[in-house]
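Here the chain labels run A, B and C in written order, and each chain numbers its own residues starting at 1.
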């Protein structure tokens, strides 16, 4: 079969009599909601940037074809890429999540990009400090980050909060309990959450609460697996306790926390029945596109400080969760590697970042861009974040085996079906198994 | 074996059976053998595979989530055996009765839910079960049963019963059309004679239809067990296995082990665990209901 | 009292039938809502009916291509499954041969293993055979995984047909193939019709193989195509539902056209002593 294919290919090449070396195909697989480039389909700002950069790349490299395969849904993409990886069929360029990096590195699926970045200092220089952290293992970089997100933004209905007697969002954790009671008294909810997919509780809440109590050094120790930090450390257990106590406070959350998906979870907030929602910065563009009438009353904040915690109070979990990576397929020849690297650079380069930033995405790179299109909520958000810094997002930095146990357990924690101590032990068990 | 007038020459028989068998072996058996081999390795999908013998299976025996999932599968299977096949039989019998109106409509419409993919069915029901705006709670509130309204998908103790409802509902029509096909092979004269003898509808259903479609029902039971032991999409879109792991099923545990934890070797072992459990359950059910080809074999002997 | 009972039974049946069509109606009318309205009330009828979702589905997605692919794949698979299962099921039911029971059990096993377990091995196998990402690729797994059910259903059904039909034909000098196709085939029509319906919708809605074995957008089928209506952090449900309706409508129309005839045939196929 293979011989026949080779023979046919040879015949084809001879009959066409075109110089073969100048032509090459780079394969790409990524998450995109770009289905039909010719249409005016709604496209995320990041995809707009990638499209613009790809067009530049193609214009500069005539004869090169870029074969794109896109999926817009994360679990679909995950099933597809893991099957292809196990079959040894990864495309040259692919989209890599932070929590998959260990797996992809251990299996030799992702190529070390450190020297490529060193050889192109002007490219590397555009990225923000720490942008590569989630994609670095033992000092080697395996992915180039794309959008940067803050996963723990408090969006709140300022009008409703004023009605309840709050000029701004509480800045002390203890106030949340009183606020919940006050909201409940008046027939409202303080927060709403849709945690059916089980990552929001961890990504949007626990990553920040955890840092408030453990401090970032603890998280970094967990990520680097140096053996000093444990999930059973009292600080982490106490983070789980704080989260659980809030979840069990009447009026703090909706009763059906674990059965609503993210979209359904936002309903109560958008309908004015809940005062606030803790969601990612990705919600900004959704709000700006679909809820213009909401702008005046909507304010943004971060989760309150927790007294006695080891972490800084003015932080929110954030950073890049996704990156572009090269597979070992790209190494087939130096010429091919150069082209695949070219596509990688295009997707994460100046044009791509500039267009994405102009269209309201928050990126991991800083480049000059036209701010005239920045929407009102994004402007509020950027203003608010000026004096804040970001701390690691658990599911972007820790291995997926650990995250899976944490996410599943948090669902139970929130409805008092599991104790903080028991959950901490379960996570620690999985963590040790993976080392 | 006695000489059979209708038995064809063996090469004819072979020519009839072999193409199908070959296709089946290529698509199902060969990958199954590969998966069986993988189940003996510690393999995360990459080039490194470590042979570990039966360790994955030993680990499976102690995997509490897997056994919880198995119990959940058993619950769904039992409820479905009663719900899907039971209702389908009642429905098919009712559709044979004179006083029932709109027969053609009922027959056509009952299969409707099965035309929609399980993911869609799961999503639709998750909206029906929604606490604030769902159809179920709205109905309850409308008739003054405010206190019965609950967050149906958030209560671990009853979640398995709740998720079984859409599963049962979707496949009633599916088993109905299989049973209707079975009923159609019954000689109409048998019914006519029974009616002359004064048997009513219920008697006809229980005394004639039921024994005569035993074989078909046996097939239904087998399909029902095999389907529900592998159930995945409904749960995936209804609860994602939650809250926590309270509605997790075996196939979902295997899926997460493959595509989230990328423990390919262990997931393969788990899949064979699922197969063995399902096969035992089917064997057990066969002891309970006599299988038609066994009966025939008994007559042959 | 008896009349009341009968009325009750009729009402229950009507209730059940309504429950069967309701979800499709819900998807239908929800697809005319705007995202904002759907967010506020997901169950109510739309206050403002909008065609925007359909315009978007038709102009911005490849739904037409996906449906064509689904139709082609499904039709090819179903015809092969039905033909092969009929012949195999008949032979299994009627004739004794060595290894029959073992084969039957092996065929049954194919229905017991979760599909995800075979995804990676089958992917590798099909890739090595050079069958990946072709217009006919999906027929390979669909037929393979459809056969067990087809064989088991036909086998069970044929066992309930008395052997006298074939014996009489054999005495009349009819050969094996003639008997099989002119005498047995018409008698098994009811179960084959059932099999056609079940396999049609089963293959039409299949997701995992379609996702894994097809790479090119122009070969994708409807279920994978529909995931394109979801994005990472947000799902525009009304638009997704419009996509579902576009994909579902032709199938439902087909079902209405044929189911009546198929079920009529099923009833008519009943054996007359």
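The rule is simple: a residue touches a chain if its C-beta (ideal position, glycine included) is under 8 Å from a C-beta of that chain, and two chains touch if they have at least 3 such contacts.
Quick caveat, the model's predicted, so the values are computed rather than measured.
J.: Could you find the chain whose CA centre sits the greatest distance from that of chain B?
T.: Relative to chain B, the chain whose C-alpha centre sits farthest away is A.
J.: Tell me which has more C-beta contacts between its two chains, B-C or A-C.
T.: Result of the comparison of B-C and A-C: B-C.
J.: Centre to centre, by mean C-alpha position, how many angstrom separate chain A and chain C?
T.: From the centre of chain A to the centre of chain C is 38 Å.
J.: If you average the Cα atoms of chain B and of chain C to get two centres, how far apart are those centres in Å?
T.: One centre to the other, that is 15 Å.
J.: At which residue positions does chain B touch at least two other chains?
T.: Chain B, residues with two or more chain partners: 45, 130, 133, 258-259, 264.
J.: Residues of chain C that contact two or more other chains, please.
T.: Those would be 119-120, 124.
J.: Scan chain A for residues touching two or more other chains and write them down.
T.: 79, 86, 261, 267, in rising order.
J.: Enumerate the contact residues on chain B facing chain C in the complex.
T.: 1, 4-10, 12-13, 16-17, 19-21, 23-24, 26-32, 34-35, 38, 45, 91, 94, 99-102, 104-121, 124, 127, 130, 133-135, 138, 169, 172-174, 177-178, 180-189, 212-213, 215-216, 218-219, 222-223, 226, 229-230, 232-233, 250-251, 254-255, 258-259, 264, 267-268, 270-272, 274-275, 278-279, 282, 292-293, 296, 300
J.: Going by the contact rule at the top, pick out the chain C residues touching chain A in the complex.
T.: It is residues 35-36, 39-40, 56, 59-62, 119-120, 123-124, 127, 129-130, 208, 211-212, 215-217, 224, 227-235, 237 of chain C that touch chain A.
J.: Per the contact definition, I'd like the list of chain B residues that touch chain A in the complex.
T.: Contacts found on chain B: 44-48, 126, 129-133, 151-154, 156, 239-246, 256, 258-262, 264.
J.: Could you pull out which chain C residues touch chain B in their complex?
T.: Checking each residue of chain C against chain B gives 6, 9-10, 13-14, 16-17, 19-21, 23-24, 26-27, 41-43, 84-85, 87-88, 90-97, 103, 106-122, 124-125, 140-141, 143-145, 147-149, 151-153, 155-157, 159-161, 163, 166-167, 169-171, 176-177, 179, 187, 190-191, 193-194, 197-198, 201, 205, 207, 223, 244, 248, 251-252, 255-256, 259-260, 263, 266-267, 269-273.
J.: Using the touch definition up top, name the residues of chain A that touch chain B in the complex.
T.: 75, 78-79, 82, 85-86, 88, 103, 106-109, 196-198, 254-261, 264, 267-268, 400-401, 404, 408-409, 411-412, 415, 417-418
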